[in-house]
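In what comes next, chain A is part of two complexes: it sits with chain B in the first one and with chain C in the second one.
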Partner chain A sequence: MKSKDATSFYARVADWVAGAWAVFQKDLRLELRSRYALSTLLLFVLAVTLVVLFGIGDAPLTSEIETTLLWVVVLFAAALGLGRAFVYEEEQGTVLLLRLHTRPSMVYAGKLLFNVLLIGVLTGVTAGAFWLMLGLEVGAPGLLGAVLALGALGLAGATTLLGALIARASAGGGALLTVLLFPLLTPLLVSVVSASQKALAGVAFGAAREELLTLVGFAGVTITASVLLFDYVWEG
Partner chain B sequence: MAPLAQTELSEKVRPPQVNLRRYRWVRNGVLAWLTMVLAGAFLLKIPRLRILEHTARNLYFHVPMWFAMMAAFAVAGYHAAGFLRSGRRARDVRAVAAARVGTLFGLVGIVTGMVWARFTWYQSSGLWWNFDPKQTMAAAQLLIFGAYFVLRSALGGQPEKRGRVSAVYLLFAVAVMPFLLYVLPRQMQSLHPGAEGNPAFSEITHPIMRVIFYPSVAGFIGLFWVLYTQRVRAAALEMRSVVRGS
Partner chain C sequence: MNLKTVVGLVFIVGFSGLLFANFGQEVSGYMSFAEAEETGQTAHVVGTWKENQPTRYNRAQNMFAFHMTDKEGNVRRVKYNSPKPTNFEQAEKLVVEGRATGSGTFEAKHILVKCPSKYNEVEGLASQKKGEEVGG
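== the complex of A and B ==
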């Protein structure tokens, strides 16, 4: 009896993972077919970086301004691109199919994974563009990598649920996501900018402990809250 | 069939049963309490400190506003969760009413803070607003309330969906809020008490000021409660008259 329960539990977990993975793969395949989101966002990032360059010329920048610009660009790119994951389903009329075949938590997990991947690539490219074009000097590349990864995770965690909300409130359009998202992301932005400054200055991991812990906490809280709340957005 | 549907609808939006006698006692009690707090706040002798001088009396008004706003936010979050569980429109009405009154207290808190900062911290520079973490995070908190109302107005025509979507947003904001108000301001340099390197509120506040401060906190939370319950009943009456009229 007990072993039977255990197998059914493992079967359910395997089922859940397979479902979430299928949603992720579907999104990835659709994206690779059109490359719409990725190319739009990459062009957006490059265009904004060029505008920043035009504005600044060859005036030297402090690391505060560099990191703030970097994250503001990433934030706006995320607000533009990550809302699409759910709006797309509404536009294509595939919401009902997904609801029929998968449980809400699978959809959330799949979309979250896809958004983490997308925003991760985006963050990396933005940092690369800044490094190349603005001559960013990175003292601690490992720390910067960790900060970028954690920042992308927190960003995706907050944006995925709000993207689903926006898809329900389609009347609001693009500006609504920005209005909803930015005040909630203030804590993320503050810690990530301060940690990036430390990474540029080249301090050890321990010196940025507070910021890193805040980022881990923020990602954990937003993802947990999303998992709890997603059912109410998705159903009905 | 039709009359049944109508009674069902009006059942949902019936104003909460109130014992009017008790309500008047509570309201008058809160008003009398606040009058005493006001008199004490302006008349009692307090220690005169350099720069701070008599502006220290703002402690009785600026800080309780945030307590009242947090109470409002807690009530709004509680009823948002209740709406998601039960789907009763009365819970949605309560969440909105609490958020509205909470926004009012937040705005008053920001303005009293700005005036206080202008004549103490920024006396020499003449600034009304400068980067202080607590101040900025409080502004972000008000933006979240604003976003909540914008989201509601975007879904104006569909009450069921509007209630659900805005309740989810409100609860998500509740989850993020501790970072805004407690985690970050303590990590950063700030002129507020309790920030990095500053003595905490309990270490620098004279006992005579606490005699007024704590009653003031209780009084303004009571004021929140009076305004909030009034708004709930007004909204419920309005909804019922709309149902009757249609």
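== the complex of A and C ==
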């Protein structure tokens, strides 16, 4: 009796993971076919980096200015691209189909995974472009990597639910996302800029402890709240 | 309330506690000399004037130099590109804002002198000093 309960529990978990993975794979495949978000975002990052490169020239850049520019680029690119995940479901009229075949939490997990991947690639490319073109000097690459990863997770966590909300609210909804997003992102941005500055200065992990824990807390709060609220947004 | 809601609320409370505790500490911005040296950023350091070390004012460079002990007990030489602040000797607490330049020197852009209030009687003053929070 007990073992039967356990197997059915595992079967349900496996079922859920398979469903979430399917949603993620569908998004990934669509993205790789059209390359809409990827090409827009990468060209945006490239264009901004070039403007910074030519505009600043040989003037000395402090680590404060470099990290601020880096996160301004990432933030704008994220606001531009992350809302798409749900908007195109509405545009293509695939929402109902998705609602029929999967549970809300699967959709959320799949979309979150896709957004994390997208924004992770984006931050990585931005940091790489800054490193190549502006000669970004990184004292602690491991710390910078951790900061970029946690920042990407927090950004994706906050934007996924809002993206779903906005797709429901209106067809376009681009401006609404930024309006809702920016006040929410303030603690994330303050910590992520400060932690990146420390990473450039080359401090040990312990010196950036407060920033890293803030980022973990932010990602935790946004993702947990999204899991709780997503059912109402998706089916309400 | 089902299990999911309860677990979710516990997670939210835990994570937001983590967020607010660390974010508050992060933006309050007070550092020790050691942290200021490690990060090389503009920092606010709270401490007291080390009175047994000499203070100097260089009129040609308009530079005031003294030694300061921070909360963790680190002593650093502080250089300040202005004359000595008024009430410097009476200060019970100093807040210097600037950058560590290495070689055990801190270059201050601004100095905040926190003086005991002269409108309190001496006894009340002593108890107030003890209870006062730094930067509150």
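Following the convention adopted for this analysis, the second predicted complex is superposed on the first by the 234 of 236 C-alpha atoms of A that agree within 3 Å, B and C clash if a C-alpha of one lies under 4 Å from a C-alpha of the other, contacts with A are read in each partner's own complex, and residues count from 1 in each chain.
In this text, a contact is a pair of C-beta atoms (placed from the backbone, for glycine too) under 8 Å apart; a residue touches a chain by one contact, two chains touch by 3 or more.
A quick note: this is a predicted structure, and the numbers were derived from the prediction, not measured.
> In the superposed model on chain A, is it clash or fit for chain B and chain C?
On the shared chain A, the partners clash.
> Which holds for A:225: it touches chain B only (first), chain C only (second), both, or neither?
both
> Could you tell me if A:198 is touching chain B, chain C, both of them or neither one (first, second, both, neither)?
second
> Once the structures are superposed on A, label A:67 by its partner contacts, choosing first (chain B), second (chain C), both or neither.
Neither chain B nor chain C is touched by A:67.
> Identify the partner contact of A:217: answer first if only chain B is touched, second if only chain C is, both if each is, neither if none is.
both
> Touching A:123 in the superposition: chain B (first), chain C (second), both, neither?
Once the two structures are laid over each other on A, A:123 reaches no partner at all.
> Between chain B and chain C, whom does A:187 touch in the aligned arrangement: first, second, both, or neither?
A:187 contacts both chain B and chain C.
> For A:165 in the superposed arrangement: first (chain B), second (chain C), both or neither?
In the superposition, A:165 touches chain B alone.
> Is A:115 contacted by the first partner chain B, the second partner chain C, both or neither?
neither
> Which of 148-156, 184-192, 220-228 or 238-246 in chain B clashes with chain C after superposition?
Clashes with chain C appear only in stretch 184-192.
> Could you give the residue numbers on chain A that contact chain B in one complex and chain C in the other?
In the superposed arrangement, which is not itself an observed complex, chain A uses residues 187, 190-191, 210-211, 214, 217-218, 221, 224-225 for both chain B and chain C.
> Of all residues in chain B, which touch chain A in the complex?
On the chain B side, the touching residues are 84, 133, 136-137, 140-141, 143-144, 146-147, 150-151, 154-155, 160-161, 164-165, 167-169, 171-173, 175-176, 179-180, 183-184, 187-188.
> Okay, in this complex, where on chain A does chain B touch?
Those residues of chain A that touch chain B are 158, 161-162, 165, 168-169, 171-172, 176, 179-180, 182-184, 186-187, 190-191, 210-211, 214, 217-218, 221-222, 224-226, 229, 232-233, 236.
> Would you tell me which residues of chain C are touching chain A in their complex?
Those residues of chain C that touch chain A are 4-5, 8-9, 11-12, 14-23, 25-27, 35, 38-41.
> Applying the document's contact rule, which stretches of chain A touch chain C when the two form their complex?
64, 187, 190-191, 194, 197-198, 201, 203-204, 207, 209-211, 213-214, 216-218, 220-221, 224-225, 227-228
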